[in-house]
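One structure, as structure tokens, below. Some questions next.
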Amino acid sequence: MKDRRLLGYLFVFAATLLVPAVVHDTFLLRVFTEAVMWIGLAVTFDVLAGYTGYLNFGHSAFFGIGAYTTAILMVRAGWHFAPAAVLGGAAAGIGALIAGFPTLRLRGAYFAIATWALARAIQQLVLIMDVTGGPDGMRLPAFLSPRFFYYVMLGLVGITFFAYWFLLERAPFGLKLKAVREDEQGAKALGLNPTKLKMQAFILSAVPTGIIGGVFAYWVTFIDPASTLGDLVSDQALVMVVFGGMGTLVGPVVGAILIFAFKTAFWAYLSDYEVLYIIILGAVIAGSVVFLPNGVLGVLPQRGRRNGPSPEEKGPGAVLPETEGGNSHG
Amino acid sequence: MKKAVWLALIAAVAFAVPLRAAEKRDFFKVGVVTELSGDLATGGNVTKRGYDLWAEAVNKAGGIAIGGRKYKVKLYYSDAQSNPSQGAAAAERLITQEKVDFILGPYSSGVTIAVAPVVEKYKVPMITGSAESPLIWKQKFLYTFGTIPPVNFTGAAAIQTLAGLSPAPKTAVIFGSNDTFSKATAEAFESAAKKAGIKVLKFNIVPAGQDLTPLMSAAKVLNPDLVAFGGHDEELIKLVKSLRQIDFTPKALLMHYGVTEPAFVEALGKDANQTFGGAVWTASEKTKSKILWKDSPTYAAAAMKAFHVPADYTQAGSSAAGIAFQVALEKIKATPPISEAKRAELIKALEGVDVETFYGRVKFATEGDYYHANVGLNPLTIQIQGGKVVVVGPKRDAEAKAQYPMTPWDKR
Amino acid sequence: MAEPILVVDNLTKNFGGLAAVSEVSFQVHPKEIVGLIGPNGAGKTTLFNVISGYFAPSRGKILFQGKNISGKPPYVLAGRGIGRTFQVVKPFPGLSVLENVVIASFLRHPKRARAEEHAWKVLEFTELADKAHQSAASLTLAGRKRLEIGKALALDPTFLLLDEVVAGLNPTEVDHTIDLILKLRDRGITILIVEHIMRVIMRISDRLVVLNFGQKIAEGPPGEVARDPGVVEAYLGGGEA
Amino acid sequence: MELLPQALVDGIMLGAIYIIIAIGFSLVYGVMHVIDFAVGEWIMLGGFAGFYLNEWTHVEPMLLLPAVFAVFAVVGYLFQPLIHRVLSGHRGNPLLMGLVFTFGLSLMFRGLAQTFFGFYSHSVPSRFSNGSFFLQEGGFSMTVSSVRLAGLLYALLITGILHYLLKHTDFGLGVRALAQNRDAAGLMGVNNKRTSAYVYGIYVGISAMTGVLIGMILSLSAKMGPDYTIFAFFVVVLAGMGYLAGVPAAAFLLGIIQSFFLIYLDPGYTLLAVFAILYTILLVSPRGLFGKGV
């Protein structure tokens, strides 16, 4: 049955490969490329938020590190795009390693805020440094091939999705992460090393995010600290994941498509009411938390086994600093 | 999963609807990419007012006259959301979906730099009525023009005016917020000050949006004659309040764009008085023109009537961007829709534009570091006097004498 | 008797200046069920947490199968064969009963298919198979306690620490759990159990270790310990706190 | 060296602003376990309320503070059940849900504010804004702005009142019980819902008054929220989440660090330093400066 689901994913993926054959309009292809990018960012965000229970407000930092590494290698060192982007991913991974080592000891709210501080610190650093162009940002050589970027983005996000699917839904890794999310102390007693697992999840989330950042930089041809290292990436990924359904792979995809489609449609056709968009988005987010605690996916009828726990099933406090029952003596 | 497929299809259909063939039409489609939301929405809306006012005036006059016929203009907005990548998408949408004939550009330099390669690719001319960073022009984009001279060009002029006052300021503390425009402003101030023989006691680029009171305390101890600051609207207000609160009145306080914004005077009241600023246009500047508005006051009055907000130079520059297109179009007799070949001609025509407008002379550089920026203008030094923006330099444009040195805060 | 499987040697655990466990020594032999009793606040759970690796001892050491394990983290100890349950039962509430046990099974069966097979066996043994696909949070208290044992069991432990696995259950459920524990012993698992309900502890323990104020005050077969004046004093006297 | 007293004073004044941004926020986290992403927007809305009230009545904004407090406390009180609904029940991950919910609120508030108040920056005119005291003693001199001094006094007053409320009243006992243990507090007869609603009301009221003060000292704009939200977060994390007594020390520390960087070190590195120091402290002491966070 699970393999039938995989077949479904592969079918959808194959269908998206054909998009450029049908869509000749370059703007539409740009929209599709960006949609795919947001799917990627939402899914990578969910590895930590949904599967591991850690809200990473520094997600944009990985995106920015990837974008800037790629840009610096291409502009200052004359590298080709592909190795530069790969190195961008590696840089994000190393960033995760360095940042994760201390921050992953922090629980819940502290982690969320520490990662936010970290992202801001990196933004400040980029603003001050010369090699990054400071506040002026960096312009990359313009390579304006919509199809190229669509396929690169799709390939990258596709590989990420299927790798995640295998690791999180098929291999033991996903369940182990969920065990850590549900109860870190309890997981230890079952032979799981939470620190190691969380670190792996952190890196697993960071590397593709960094590469996506690199592709983004080359695609848009211009990056600056405000747009690549601001809160937009983290905030929007969070909204997409929550709206779609956390702790699943399909949830973020659905959430990303819906939010992005809504945003883009609003932007394209109701430009005069831009501020209204923010108000509606805010209302949608707040409303979905109140009325759809498991995201859109939670209200769709489930075939076969459930994807995520229904509201009645979930216990409190996955991220909350727990009151450690086992530790009170006596 | 099937649901996701459906959703994708619905989204695809929704976007496919506006696809249609380019038809014959009797009006110009003008795309506008600017920041209508996000952090830079304040400035983006100033450019919008400028563009709107131009379109309204053109249409009221019956349109742009080409070969004995008049063609109206219609603006197509696309919001850059203060984000460069969104700006690029906005430009691409306007070009491929709306099939606009030419584009009026963004408020900020960052968005302009991201939009420029897109208009370059589709060979659609763009004039920005606002972006002032020197970086744009160094890229030498063929299809991108701007009506406001780069800030290093205008910033220097204000310092020169101040250096001509007596007694001339001898020492200065100069700093700027760490964003593209403000940093370039501060650097322009610094190099001009050095050239003018003013000793720079302290020069700092500071993180944007901070409370700078402690920095002002440090400046107070150095007791410079001149405090110059490159920053944005809210930062300027906070800065004046800081100086007020630590009770430090330098002989001159110089800032740049934002001083001419009505919000500056409204928020600060009499504390706004005597602040110097740089500008390339003011509502009272003496200009003469045959196109749309005969001089600055006429334009300012029209703007006030339309929006109930005084016009500043960014708004005027945005309206002037429209005029530049208008002039070039008339010259090459282009009729809508403009073909790619005709657009290339339009570029040549724009490079040849040299016209007096209500905003002053518009003439784009065709080489050098200011490539395609308007170098026809002559930068002004302004001062807030009695809550009004008054030109105090250079001499031949001055409407009033500079009030100098500044009256101490508590004597106002 | 054979080599002891667990040696607790002069173990002390301080929190700040407070000694929760002080200078406690005892041994557990293979296939024994040893009961750890004492009034509230006697240090039983602290001792459990030190043995299972949640706290490092302040002084003293713990030998497991002849090797010093003091200060080793819980997940390493789980690999060595030490399983434990928690006083406040903590199934992973967002996961199904089966998934809960599968996670524990990964320790010995890294492949998912094998782990699931193993988990089903454990569920059969703990009589939870019919609830395998329910969410763990939906189980009754008895079910959750049973699941807690199942998870520990899925580690294929040689030594099991059970922390109040019958507290809060009704008499039928208690009997049920006792049967389960005895079955475990029959499988060759050594058990150290903390329990408040005397009826239970007396019935299943081979030996008892009694703690009071963090110190060991008695040790021996249940019958003997029950008559120990020190123990009686601890339970009836100041031990109520 | 001669700047040292000034650097300290400026830092303390900045710290005072951080106290009033963070103290209500810390209280709400301690009691309700909600990280309110909309704290900056409550401040912004309060600021605009003060601005328009002043424009309408021409009453000194300092005197308008109680009115602003009253209005917003009621708003907060009426808002709380919604947040309660998000946090309670059997929702997974209440902390995250609360965060996302208030994040949605903050977007809404900001959008509404931009619609109704426009994009421009404003300043709340106060009589206090103009004065300052100049002190000189030997080689040292410093200037103390009267409006900032008022801000400091207000911060200390609010801290004092909250301290008194929590430690010496029945209401405070209920709040503390609630913060310690929700279930036990319920058993003791504390009306969980109503106490939470009062706390949320107090917090929103304090934040709104803070907005008026910030409008007097600095400036107001519809987009200002996130700048203050982030500092509220940082102060509270430094202090230890929910540990009220730690807030002033953390706020002063943050203010003084900023002030010293701006005066003595490279101002360009100020924010980088703030974030780096916050980060380091969290690593060394994950529950805040005093290790007493929840």
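Order as written gives the chain letters A, B, C and D; numbering starts at 1 within each chain.
One rule holds in what follows: a contact is a pair of C-beta atoms (placed from the backbone, for glycine too) under 8 Å apart; a residue touches a chain by one contact, two chains touch by 3 or more.
It should be emphasised that the depicted structure is a prediction, and the values quoted were computed from it without experimental measurement.
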*Chains touching chain B and chain D alike, please list them.*
A
*So which chain is farthest from chain D, going by the mean of the CA atoms in each chain?*
C
*What is the identifier of the chain with the smallest separation between its Cα mean and the overall Cα mean?*
A
*asked:* I'd like the Å distance between the centres of chain A and chain B, where a centre is the mean of that chain's Cα atoms.
replied: 36
*asked:* Between chain A and chain D, what distance separates the C-alpha centroids? Give it in angstrom.
replied: 31
_For chain B paired with chain C, centre-to-centre distance based on mean C-alpha positions, whole Å_ = 74
*What whole-number Å value describes the gap between the mean CA coordinates of chain A and chain C?*
41
*Which residues does chain A have that touch at least 2 chains other than itself?*
124, 128, 275, 277-278, 309, 312-315, 318
*Multi-partner residues of chain C (at least 2 other chains)*: 94
_Two or more partner chains touched - positions in chain D_ = 92, 114, 268, 271-272
_For a test of understanding, state which residues of chain C touch chain A in their complex under the given definition._
15, 20-21, 40-46, 48-49, 52-55, 73-75, 78-79, 83-84, 86-88, 90, 92-95, 99, 102-104, 106-107, 110-112, 115, 133, 135, 137-138, 151-152, 154-155, 163
_Under the definition above, what is the set of chain A residues touching chain D in their complex?_
49, 53, 55, 102-103, 105-110, 112-114, 116-118, 120-121, 124-125, 128, 231, 235, 238-239, 242, 246, 275-279, 281-290, 293-294, 309, 311-321
_chain B-facing residues of chain D, complex_ = 2-3, 6-7, 10-11, 13-14, 17, 114, 119-123, 125, 129-130, 132, 134, 142-143, 145, 147-148, 217-219, 221, 223-224, 227, 258-260, 262-263, 266-268, 270-272
*chain C-facing residues of chain A, complex*: 170-172, 175-176, 178-179, 181-183, 185-193, 247, 305, 308-310, 312-315, 318, 325-330
*Under the touch definition given earlier, write down the residues of chain B that touch chain D in their complex.*
37, 39, 41-42, 45, 175, 178, 204-207, 209-215, 217-218, 220-221, 233-234, 237-238, 241, 244-248, 261-263, 266-269, 409-410
